[in-house]
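The structure appears right after this line, and notes come after that.
Labels run A, B, C, D, E and F following the written order; every chain starts at residue 1.
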Amino acid sequence: MNRKVSVYRLEHFNAAHRLHNPEWSNAENERIFGKCNNPNYHGHNYNLEVKVTGLINSDTGYVIDIKILSDIIKEHVLDAFDHKNLNLDVPEFKNLNPTAENIAVVIHDKLEKALNTDSLTLKIRLYETERNYVEYPGE
Amino acid sequence: MNRKVSVYRLEHFNAAHRLHNPEWSNAENERIFGKCNNPNYHGHNYNLEVKVTGLINSDTGYVIDIKILSDIIKEHVLDAFDHKNLNLDVPEFKNLNPTAENIAVVIHDKLEKALNTDSLTLKIRLYETERNYVEYPGE
Amino acid sequence: MNRKVSVYRLEHFNAAHRLHNPEWSNAENERIFGKCNNPNYHGHNYNLEVKVTGLINSDTGYVIDIKILSDIIKEHVLDAFDHKNLNLDVPEFKNLNPTAENIAVVIHDKLEKALNTDSLTLKIRLYETERNYVEYPGE
Amino acid sequence: MNRKVSVYRLEHFNAAHRLHNPEWSNAENERIFGKCNNPNYHGHNYNLEVKVTGLINSDTGYVIDIKILSDIIKEHVLDAFDHKNLNLDVPEFKNLNPTAENIAVVIHDKLEKALNTDSLTLKIRLYETERNYVEYPGE
Amino acid sequence: MNRKVSVYRLEHFNAAHRLHNPEWSNAENERIFGKCNNPNYHGHNYNLEVKVTGLINSDTGYVIDIKILSDIIKEHVLDAFDHKNLNLDVPEFKNLNPTAENIAVVIHDKLEKALNTDSLTLKIRLYETERNYVEYPGE
Amino acid sequence: MNRKVSVYRLEHFNAAHRLHNPEWSNAENERIFGKCNNPNYHGHNYNLEVKVTGLINSDTGYVIDIKILSDIIKEHVLDAFDHKNLNLDVPEFKNLNPTAENIAVVIHDKLEKALNTDSLTLKIRLYETERNYVEYPGE
């Protein structure tokens, strides 16, 4: 069969972060980011859903071996983000506010580079809490 | 970054309702709507997922402040629907059958009016139960 | 093996209800029960967890055939409660306020009578919402 | 209202399966499919999400009566797959590797044939575990 | 009815923390606490389940008004812990390692003092992740 | 603090199985076990919750290092059961019907032996599906 199917893998990491714009006053940061601006950080259990779309390989029946996908996510995202302080420990957020939106974009770009193929497309969903989540289709 | 991202907020309300078409006989209503036609109403815990899509604001890192989105949903949907009888207490369903499909459309139109912007698009998913849900993309 | 094990079955029903004490004034009912006192009712998706504890039968490996348990719950609880108005349609709540606590006790007593055995003990958990639930161990 | 809405129904089946390509050596099968190649089979609780998109019928307020959709899924998918060995008991997988991708495509094609209408479109999501799932939009 | 029933309320807070014993060397802390010892902190979405057991009040049908219980949890736990750094911002953990076990005990003792009654018993369950959680029955 | 706390770890395995009593006729097996008696097996995603109760260690703040608990479960349960056919591949079920009840007892006894301590008590909960699960407290 020559069918286009999407494969999803759900992964998980824990991290501390703080929302802050260094070009604003403390009062403005507090007004815009509220509790999320706490200078001592707070944290989340992030659930990360990676969606990879492509044609089914007729030999394996796979779009992508989900074990390989999981290994790529582990190497390029979890090892860099899990049990870390996003603001202090992760270079991508040295000058970028680690909102859920920006984290999803950074993860997308890291995985797109790691997958390194035109035959698969990538979409990222990131759950910051069970009630707040974002999605970046990379378009 | 000039990236288009979707932000999701999950909210919740409880309500009673009854499915009924007043232009049909009772027998026809019972035949079509079954247990959902009970004249004394039944009820649900509705889970409401609101998806807002737009560009990331480079100052905040937000597509939309999810606290503001949550407040808009509370004012325009939850205060009107929560702990209510949809057929009797909610004007929009005086002459419209409160199926999950119609509830999703009504919520979409209320929120689109409240957001009042061309730079954000809106999609509604409404869970009537864990196994039955609907989605309205407003297109 | 002569081991005591608990078997759990999760079932589901939808119902409308209203919290109200007829011996109180409307103002007092509103003060105590708030939105739950809405005269036109509201509703819930109730998740019901039934726990049955007993010895493993060495012929079947079962404490109780969970298909039989499910049928008993269906006959004695779901057929009576599902898609009903608890206040108006269910005799047990004609003079008993249908709080989650009281619903759990009523379900326990109906199932204990239906099981009709000293060799099994029964515990009821009832989820009114994902965040509010009660448990009655029948002791 | 003349609105296009999607209706979702979540169903469930349990099955055993084995991933295997008969044109490969045992060593190659083990290398590619790992634990999933166990000759004695392993198994899953599959969660199946069926999405049907169409216009709301103004008489019923439904896109499709979800009870009818559920009956169609039961007749054409659950009765064929539930508590079965996909490799041995399901004809579609006699010569097709029962990966999640291929199962989703087979389910899609069976349901599309059963629905037999141009006015509804169909999308299948199949959860093999909570962390691994696939989606087939039938395009 | 004079029945003893348990009422559960599920609440949620986000926090940063670090596991560390100041009487140990850095090497020993790293050996015992691993990634959880990161000096820049990491974080979690904590789900908190509070179980209150007592007799049903025959006037209300409640063991405790769950709105009042929720307000007590908010005042005594969420306002103190949510969007905080447990090590730096919460006095109870100045000299107490904020493991899930210790957090549960601290929450129990704060709520027991706030409830201030012999007629209700209290049990705390704290989810640090979906796969790791603890329970403290206060006995 | 000298407090008794329970620590929970949730793990997961997939397996095939068949319910069958070799001392019964095929007809009797079919009558009692129904679809679960399929000679070609069916399967499940089993969720395993291990509860360990003991005193908090004042040096670590742990009852047990949950990483160590997870490793013990992996070595003694997951490596033996995951992606296996319980009837054919797991010695404990050669002459024992692999019902959820019996699987829970076997897991309990394996883990109790592995933990090998009087200072911790053990309780097992095993989810065969989201709606059917069992619990064995080892008493």
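Keep in mind that, in the parts below, contacts are C-beta pairs under 8 Å (C-beta built on N, C-alpha and C of every residue); 3 or more make two chains touch, one makes a residue touch a chain.
Predicted model only: the values in this text are computed from it and were never measured.
When the partners of subunit C are compared with those of subunit F, the chains appearing in both lists are E. At the far end from subunit D, in terms of centres built from Cα atoms, lies E. Where subunit A touches subunit E, over half of the residue numbers in use are shared by the two copies, so each contributes mostly the same positions. Centroids of subunit B and subunit E (each the mean of its C-alpha atoms) stand 34 Å apart. If each chain is reduced to the centroid of its CA atoms, subunit A and subunit D end up 28 Å from each other.
The geometric centre of subunit D is 42 Å away from that of subunit E, both derived from CA atoms. Shared contact sites, meaning residues of subunit A that touch two or more other chains, fall at 130. Every pair of chains in contact is given here: A-B, A-D, A-E, B-C, B-D, C-E, C-F, D-F, E-F.
Of all residues in subunit C, those touching subunit E in their complex are 19, 21, 32-34, 96-102, 104-105, 130-137, 139. The touching residues of subunit C, when paired with subunit B in their complex, are 12, 14-17, 35-36, 38, 40-45, 82-85, 88-89, 129-130.
The touching residues of subunit E, counted against subunit C in their complex, run 1, 3-11, 51, 56, 59-63, 65-67.
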